[in-house]
Amino acid sequence: MAVAKEDIAGAHSGVAPVTHAHEYGSIGRWLVAPALIFAIVVTQVPFVYTLYYSTFRYNLLRPERRKFVGLENYRRILTDDVVFRDALVNTFLFTFAAVIISLLLGLFYAELVNHRFPGRGIVRTMLITPFLVMPVAGALGWKNMMMDPDFGVINWLIRAVQPGSGSWNPVWLAHYPRQSIVIMLVWRWAPFMMLILLAGMQSIDEEVREAARVDGASPVQEFIGITLPHLYRFMQLGALLGTVYIVQEVDQIFMTTQGGPGTLTTNLPYYVYETAIRGSQVGRGAAIGVVVVILTIIAMTVLLRLLDRMLRSSYAGG
Amino acid sequence: MQAAKRPAISIPTRRHPSGARKEGAPVAWAILAWVVGLIVFFPAFYIVATGFKSEATAVQLPPKFIPIPGHPDLGWFNQFIFDPTLEQYREVKSRGFVPFFENSIIASLLSTAIVLVLAVPAAYALALRPMKHWKDILFFFISTKFMPPAGIIIPLYIIFKNAHLLNTIQGLVIMYTAMNLPIAIWMLRSFFEEVPRDIIDAARVDGAGIFREMIEILVPMVGPGIAATAFLSMIFAWNEFFFAVNLVATEKAATVPLFMQKFITSEGLFWAKLSAASTMAIAPVVILGWISQRQLVRGLSMGAVK
Amino acid sequence: MRRKALAVLAVLALLMPMFLAIGGMSAVRAQDASPGASPAVDTSISGELNVAMVANPQMVALQKLAPEFQKIYPNIKLNLLVLPENEVRDRIRTDVSTQAGQFDVVTIGMFEAADYAKQGWSLDVGTPLQADPNYDYQDIFPAMVSALSGDDGKLYAAPFYGESSMVFYRKDLFQAAGLTMPDKPTWDDIQGFAQKLHKPDSGQYGICLRGLPGWGEQGAPLTSVINAFGGRWFDENWKSQLASDKSAKAIKFYTDLVKNYGEPSATTSGFTECENLFIQGKVAMWYDATSAADLLADPKQNPQAANTGFAYQPTEEIGSGWLWAWAFAIEAKTKHQDAALAFVKWATSKDYVNLVANQLGWGSVPSGVRASTYADAGYKEYGKSFADLVLSIIQAQDPTKCCVDAVPYKGLQFVGVPEFVTLGDQVTKELANVIAGNESSDDAIKKIDDMANSWAKDNGYQ
């Protein structure tokens, strides 16, 4: 099947933007215009305001102290601000861990329900549900009903299976706060990944599978040799969308640890909230927000290029 | 690029897509799947179950997750059984949920509709009628999701104040549309790209105009994909909390997440009430998800293997 | 697909009766007999009021009684928005500081009252309230009035309910352990009791103290303990005193007490969580706001009501100063000034207290603000185990003097400047880290001392 490599890459990727043909016409412009104009007006106008504020030292509650400080806020963020550094590290940790674990778990879920067995539909329904639950409600449920050292189900289970006088009663949100946040994130986003990956699995040509089986491939070999390669582009779509969303997740933190203990669960979006809204420091909060945007642009560009290259190499063989 | 060699209009179908494996899975597989499913589902289930308990029962351990009316004696299982009651739902209902639900339905549906109207042509153009800098445009859309909402809410509040959009459903609809547009464009674009080249070529050779091509041929083909995108957009709009709580002041525009907040009080025990309210809050989206999950999966897998 | 749809429909069909049954239930209907309407009521006042309130039980009760207000003022439309403390604070702060006027009446406390007044964001309510003889302005505790007044001495937020701090304890557990709670316990006493009553293996903890990060959560009891030990946050020149001997001792004391004899979930426990733990019988003592007393004495809300004892605010060098009130302020941008005033007057009046008592019981009454409440026979009966105690505690609070030494700010259990939110949040987060056992208190005290100094410089105080 001699098809140009660009075609394959372009056709199969939701990620690496390559197009079928280079027919740059003018009609496309008109079709994109409404969406583009809407997005620009609604997001960029406030963004310009935010940029403007970021050059001020401005506490909403002390308007008389408002002062233009140029790039001082940025300088501070990049040199002096210890909390910013912690928040940056945490954002990276949470996102990286949550995206990867969700992807793997989602893959596991998808493979589970990709086979026929009694009640398959119900199991798939159960696996999807965490994604549909309101994050705020889910977070409260985790905090009070699952992770609470006194009333939580998890600790009850732990105590129940401990022999005799064992008394390991971990306080998840105090001793393992980051892990707890990641658990909540993964619980919510793994189903999302499952949906995407299941879609990928179900578009695999049965003939190819049968051929492999006839050839004597074991289920594991089939999974590794056929399923996984086909799923790469879906995993990339999942990774990309997942990253965009998970970076911004704060509901869980807000509802459970309030960014603590210390700064262990403060991520960048939460830091922006703490600064701009709780602390009313609009100027500094705006500056942090702008820095987050710049950093995310850089990270996304790198991610896209990385995924792009991985995708091309996965197709290079055939 | 190869010229299409197939006849003028032929709609290629999937060549034996697998759906799910044809042969049944071994029993061990089924058991594993069920166990995993139940574990994953348990937290959500527990929230729903707690909504049917009295406040005192709600915080008791061992966790009571088997609702059986009356007080039957089932030996060892007794510790997991509770007597379901509707008292929490009565209380929740008495706090007036109707306007909140109405607002949420309007805001979610309307914003999703607008998202589709904007995103379908845009995705189509970016996939099949690309313009110069289309890569940058695509990236721009997704970059609008990079700013943490907390960083932009104060400027937004002031802008909305001046535009008289505070405490209006229109205001929420605008924000939700902006929130979901990038993902919709991104996903729809990949669906449009999946459409086999020959159909498009054939249609163009046939002299089909843009709109005919888009509406009569492509939209039906990516229909499930559009449905999947619409559904995701609805979920995100329905569950959205931050803009809802900050841009709204009264029940004129208050949405379901705000209704739930009413029950987080320092009013002694409230887990059962909160669970009941949460259950009502998540029920519409969850039920919608359950009904349409097959569609969702199909929609997301748009496109045949070539 | 069809089978699944049928299954879902079946489920919905089963649930239908439930929803229909609920539909048949009537909402809580207020009984008739409103207390005599005062002659100063002008029932023709009209307007639409947006009110933002914190979701505390007393406000939830007010929400239930809103129809009574409508009866008196049929032309005023009330829109009540009730949210948990963190969210409502953010929301109100945004609206007030941008003067967007989305709300007409908001609940604020002593922390905000003077500042909002200074900025011209809230209206003087003292003058009109004082002018109405039926309101009985003199009935309100002077400490509450002065703490909610602006620099011009006028009241800018009408107190709805007020509180100080006290200790709640389980009389039965004390008795079983052969312990007696003294009339005026010291913090050392409390620590001793907590140690003896701390039995984590049986799920009983010595004491519940707030550890949840937040200037208004962990910050409040922590600061009151700093006060009690003779410490303070800043000296007159705004130099941080957190590392000073007395303050550091207090901070160490607090974190050690929670860590060693407190509830394990401390770092995520605020007022609500501790209240729940006490009600569930998991803690032997609880140090927190006196407003909890009303609820704890109600057997319907507290299964431990009969066993609940009340003790005076612990002292060390001085008392654990704490004074707070949730009060109604009227936004300057309101277009319905008369209606707003009518609402505020109604909600903070003597009649309203009686109304709540009649309709919902004394346990839901907004207490801690008026002397008449504590003189009322009904309340005295209901609160026979705590009312006099709470009264004496509140009256002992001096809002102008938090600490042994002089300080450049107002406020007892907080530092009364608007920028304090940031510092309070940061410091309490750090101390939560200590409580979680991730950091030593010495290290943390050094850190927060630095934080406080940078903060003071940053905000132009130092």
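A, B and C label the chains in the order they appear, each numbered from 1.
What we mean here is this: a residue touches a chain if its C-beta (ideal position, glycine included) is under 8 Å from a C-beta of that chain, and two chains touch if they have at least 3 such contacts.
Keep in mind that what you see is a predicted model, and the values were worked out from it rather than measured.
Most remote chain with respect to chain A, judged by CA-atom centres, is C. In terms of C-beta pairs in contact, the better-connected of the chain pairs A-C and A-B is A-B.
For the pair chain A and chain C, the distance between C-alpha centroids works out to 37 Å. One finds 16 Å separating the Cα centroids of chain A and chain B.
Shown for chain A are the residues that touch two or more other chains, namely 60, 151, 277. Touching of two or more other chains is recorded for residues 4, 90, 94, 98, 280 of chain C. Multi-chain contact residues, meaning those touching two or more other chains, occur in chain B at positions 59, 153-154, 158, 261, 264, 290.
Chain contact summary for the complex, chain B toward chain A: residues 1-2, 14-25, 29-30, 32-34, 36-38, 40-44, 46-47, 50, 59, 61-63, 117-119, 121-122, 124-132, 134-135, 137-156, 158-159, 174-175, 177-178, 181-183, 185-187, 189-190, 193-194, 197, 210, 235, 238-239, 241, 256-257, 260-261, 264, 271, 274-275, 278, 281-282, 285-286, 289-290, 293, 296-306.
On the side of chain C, the complex with chain B involves touching residues 1, 4-5, 8, 12, 18, 21-23, 25, 27-28, 50, 52, 55-57, 60, 79, 81-85, 87, 90-91, 94-95, 98, 100, 102-103, 271-272, 275-276, 279-280, 295, 301-303. Within the complex formed with chain B, the residues of chain A that make contact are 1-4, 7, 10-11, 13-14, 17, 19-32, 34-36, 38-39, 42-43, 45-47, 49-50, 53, 60, 108-109, 112-120, 122-138, 140-142, 144-146, 151, 153, 156, 160, 187, 190-191, 195-196, 198-207, 209, 230, 237, 241, 244-245, 247-248, 250-251, 268-269, 272-273, 276-277, 282, 285-286, 288-290, 292-293, 296-297, 300-301. Listed in rising order, the residues of chain C touching chain A in the complex are 4, 86, 90, 93-94, 97-98, 115, 119, 200-201, 203, 212-214, 263-268, 277, 280, 282, 418-419, 421-422, 425-426, 428-430, 432-433, 435-439, 459-460.
Here chain B touches chain C in the complex through residues 56, 59, 86, 89-90, 93-94, 153-154, 157-158, 161, 166-167, 245-246, 249-252, 254, 258, 261-262, 264-269, 287, 290-291, 294, going by the rule given at the top.
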